[in-house]
């Protein structure tokens, strides 16, 4: 049984052998070559990203969203500094001087965690979401520390006009993020304001976003600084590793202790994690995405 | 010994008699007729408003400022309602809709108490004061629930432009309030926004303020609703009476129990309250204001 | 397609014509004349009040409850003022003087929003509800700022005895509100205390409630001031309009962009809003209430 | 140089010798025998309890007051339990059931620390003090979690009537505590309610208080449980030792490093701690209290 | 109809008679003798502990968990005192001295209520749970006042090493609590630290726990003080009675007003409470546990 | 009259001319060449850094300390990221994973502002100060969100051992900062932890600190990342400019409107700002520091 964090590298495919258990992030839907290698070598592959918990959530993905949301605040604050290309605004202001304006588009896990941090830094925060229930929960938790707005085009445009920092936090699981801010909309924004697009792994929710890396994280379009690092949690690897392994460990130990087949039989959530088994694709979404046959194996 | 709340009415002056102790609000500096009556009748008059406490504060005036500050918020909220002439804005908004903007000019006791209430009602609150220390204390107590700004003409004008409600809370003890918002400035304000001028007892800090009464509390100038009731605490008479008597009682009981002269000798704070004694004016500020002789009687 | 806020007036019925889309509040269950006019003219009528969201809530009704709850606090505070007939109590008291006592009966959306505001005004707040889970959530959000009590007759009577302000917030969707406080119970209450009955649209939860209007909002029974304005959100029309249209707009745009029939087919929530279509009643509750035939049209 | 925590025991007096530095709590004003021994033996005695800091406070006494205040809450909660003689009331109640009522008389350091803890335990808290400024600070810090009242006989009697727990926290430095609750007043209180008298070291502020020890901490008078342990901080000796030595250490190190005489010359605060020097009493209050001669030695 | 709090005593079984309604806590699954008596005498027995509410929760058990959780904090604080065998640590420390460390294992109702109280007492709090959603909710409610950790053996052992107080709050309804801290693990803990095992009614979640009573609540194993009182809510009987009867009363009144059979027919939640009827066992879990026949009577 | 932000550059000295008013930061005590130029040219020089306010504070320095304190948190968070050389720790952790540990040495204006931000980012925060009063104020404002410790060598060493981030905030106005953490102490710290030394303008409070610039802000000593940028507020120039000019403007306008001499006569605070006048040094500290004659000119 091999336990990893990231998907295997192509040069590692040759080490695959039949019956081997591979337990890691796989992201096969967008990686036909790897999928075919796993199928051909009859690896038993369990992917972190499709394991579920008893509420149907994805326990190995959620902590990464929490980390990315919290990091979004600290990156936004940093790249607003003048020497990093920003407007030279301190998010919390100081007594006697206005707070910076932060707009968060999307009130899910990423948005909630970003919101806690920018509120903590003392900013003037506006959050937009389409779900009235979710906005009411923000009102319960944050009171008047946050302004909540229904997410629609008018409200988004009005909000970004005043913003020093805009955090894109609209994530639709398993789908491309909608483009909510277009290239021309950036002209409404203040010069040297900052965008952090946390949805970049799913294509981003700003039209002008493209993925960057930690060693050159930002670029400028229409005078707006863009921070679009694809693997944000990598910046805080110690915290990320603990968050990930705390969740993957319990399922991994079950597999190791009981044997894979028993674990699959006992626990529907691990079964949801199984992607490849004895040369067959056992995850419906992956099969569909790759246009290959799906096998509904029962244990 | 006569204990009252408000100053004696002219028709009561005839009942004054020599040696009588009068213990009430007097406000003699602006009331020569009453002062002369008290002097002529040789009343021993102790005024609530000049009694001090061990910190040099005015314990019989402070609670009235606290009440007026708190009321300012509830009056402002009410007169913003459409049927009362206001813009039809709910200060706290609701989830999905913007909060109302409140601007408080002056961060003393009135401002602090008004601030607590408008923050409590969920408004977006800006407070202006000239003292950096005081603004830092607001930041300690309210965190990001309040925006603090240095009070200067630029900041005031920018603030009132966005305001739904402006509360005037600039009080300089014993002096006329400065006129910080002029008639022409009102043109910058939103139509049907509301002003509450808590400084009205000292002339008001809006040029367009003039005192009103509880039975017709508001009027409109340049499309801005003005609430300028002179005796605001009268609206909550039960609370005001408790607040006042809790403070006046302890000094009053001392006077009654010990006799006035012993009380004056024992307690400098009561001595500060003495305004007229045996036909002489014993309060320096009152004497100066009325242009009469001051007697520094010691007990 | 006609978009309105309130239901059409009788004099407008003549303008109805076949195939026209009418999108507004209708409240047909209690308005046979209008229902018959819409059926006869074969109007396609979508009612705000029966549109649902993905959680089964009523997104075009909720914000009105939030507004009414928040307003209840500010009306209660205002009508407790002496010149408005109340006891002359300031809800938050001041340092050294007791806070006013507020009792909220019902902990749903109206109760939660009223609660936030009276807590914000510094009152001593008691909330009664029958659901233990809901009371525990209040304890999570408000901590010791609120006393929670199981709603039963003993607790209600004990609570109103001490109250300065009682807010009735018991709403059972689509049913008459239960009468939880009877006329005789008012004798237990303090003289000149205040009742705000937010349930008045559904008959009120005080036996002595009857609907009033913004121009004469209160009346007195058994020495208790009653505020029972039927259309409370109208007082803050600007906020109410934004709250309403933010929610109605998205469904309205769908209807306009896709055509009504496609919108009805695509979105079950809009289908739930359809009340009249091609001369047939398509809402079960309305049909039942009016004793007419229900047509379960599918799109 | 001898460093202790408590004053020397009589059997230790024989070990005193001339020129020795003694650095500990002494409390000589009430201990003539010890004072005479120190004078006779020409000990150089520096007492923790009269050392000052740059604000004129007593840094070696304050932490003991903070600890006693915090403990008062936890003792009160405990002795309200039925098996310990109390009413069987949980201070914070639970959702649906009323919170317990706690009354704190005195808003100084003891009162503030007791208040934080009973608020933390979810009680319904009332604090009484005579200083309006202090009550306003409580309002700033605790908001509506605490009711503040002016301390006078009427308010005290009304408050204790409703109380489950009354904490006596009235301490006048260097004087006997005033008796604010008399024996007969206890009849107003609820059966099996609890009193914690933190002022017991200065005689207590309840007429019925007398000092107890940790091994038998409570007794009952008029159906009211009294907790009057004289050395409360001893119950949490680990915390108390750290709190005490953190403060005494810095002065002690100065004395050890520089020599006593230089330390006395350099630092007025240590000079204030000197009680006996070369056979003379060097603290004015101690001298006065014992009726012996005071020597104003300068260094 | 007989209404009690605790189950009938054996000496009361003789008073049972056919057709009698018994409404109280029964806990028959572990009490065969009582069950047989009720069956033989054909009592109609409704048990508090199996009544449900509309969310499927157990409304007559929840308040007891809330009370036990809150008490756990106050017992832990008390038995940490030196004279009671503890380390002599004050949970909240004082300014300048470290706070005590509290570890709560289990974040359900007991854990949440214990957490509120130890946070309120100013401790440094760590809570462990296996559900990521639940930990996120703690983060929403408590922010940085609480450290949340995934519950696994590594984290538990690391946490208890630093702890002054460990609260066991792991309750699996209807099952024995898992033993999460073993006897040997106690050697990792600090000398004279304290354990409060709220799960003791279900066997406890510490291997070394055994039930104690209020008159001798603690014992020591491996230098760790154990508080394992089985009926914790009995310590605050006044609060517990109100909490219990507020919930049992509404169902009891229904039974009394409508007659048992109608109440059973109208309300599925009361039906869930029925354990014995006309000589038959009508609760599936009880029947299974006692190995007797289950009768699914419908009303 | 010339108004600048920073002191004049040497190449600008030639433009000085007699009678000119120079109003800017000067820092003459450490800049003999500039002082001599100003004296020789008989410039009238008012320095921001010695202007006082009515409380004796330095209103043109305080906002820069507030900004630096707030920035310290965001720099510390950023340089803890792995790609920037740090440990890869997210200060707030995420639910289920420990928070980062932040230690702030010094609880003045810098420390308070840093503290607000790191608390806001969700860190586990410890603050050390020598003043018990100040620590108690932190306890009032932050409650259990912050651990307060007396600042002494033992506590500092224990604290930095556990720290991910240490913020040096010990500033003694007009003196070199004390070296509280020595080079060897760094060996106690975790690998790749981060130091931010806000006291760098006064030499720093870490032995290993030396000033850096925004374009290369960090360096590593003993595996600890050092951030020691000398002009931190320059990073947020927009906020800093507003904070500075809001304070300098009011004095500057007075000088411009009244003429310098009248302004000096009217306002003692401006007089305190005067450093050079008609060829004489008019600030005592500057004169002493440069060893030149001081002239106590009165206006």
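Structural remarks
Chains here go by letter, A, B, C, D, E and F, matching the order in which they are written, and residues are numbered from 1 within each.
In the analysis below, contacts are C-beta pairs under 8 Å (C-beta built on N, C-alpha and C of every residue); 3 or more make two chains touch, one makes a residue touch a chain.
Nothing here was measured: the structure is a model prediction, and the numbers come from that model.
The interface of C-D is repeated, with over half of its contact pairs matching by residue number, by A-B among A-B, A-F or A-C.
One copy, chain E, sits rotated relative to the other, chain F; on C-alpha atoms the angle is 180 degrees to the nearest 5. The geometric centre of chain B is 39 Å away from that of chain F, both derived from CA atoms. In chain C, the residues touching two or more other chains are 63, 66, 92-93, 95-98, 116, 119, 122, 132, 136, 139, 141, 143, 150, 246-247.
Of all possible chain pairs, the ones that touch are A-B, A-C, A-E, A-F, B-C, B-D, B-F, C-D, C-E, D-E, D-F, E-F. Chain D contributes residues 92-93, 95-99, 119, 122-125, 132, 135-136, 138-139, 143-145, 147-150 to its touches with chain C in the complex.
Within the complex, the chain B residues that touch chain C are 63, 66-67, 70-71, 73-74, 77-78, 80-83, 87-98, 100, 113, 116-117, 119-122, 214-215, 234-240, 242-243, 246-247. By the touch criterion given at the top, residues 53-55, 57, 59, 62-63, 66, 112, 116, 141, 246-247, 249-250 of chain E touch chain C in their complex. Chain B meets chain F in the complex at residues 130-133, 136, 139-141, 143, 150, 152, 155.
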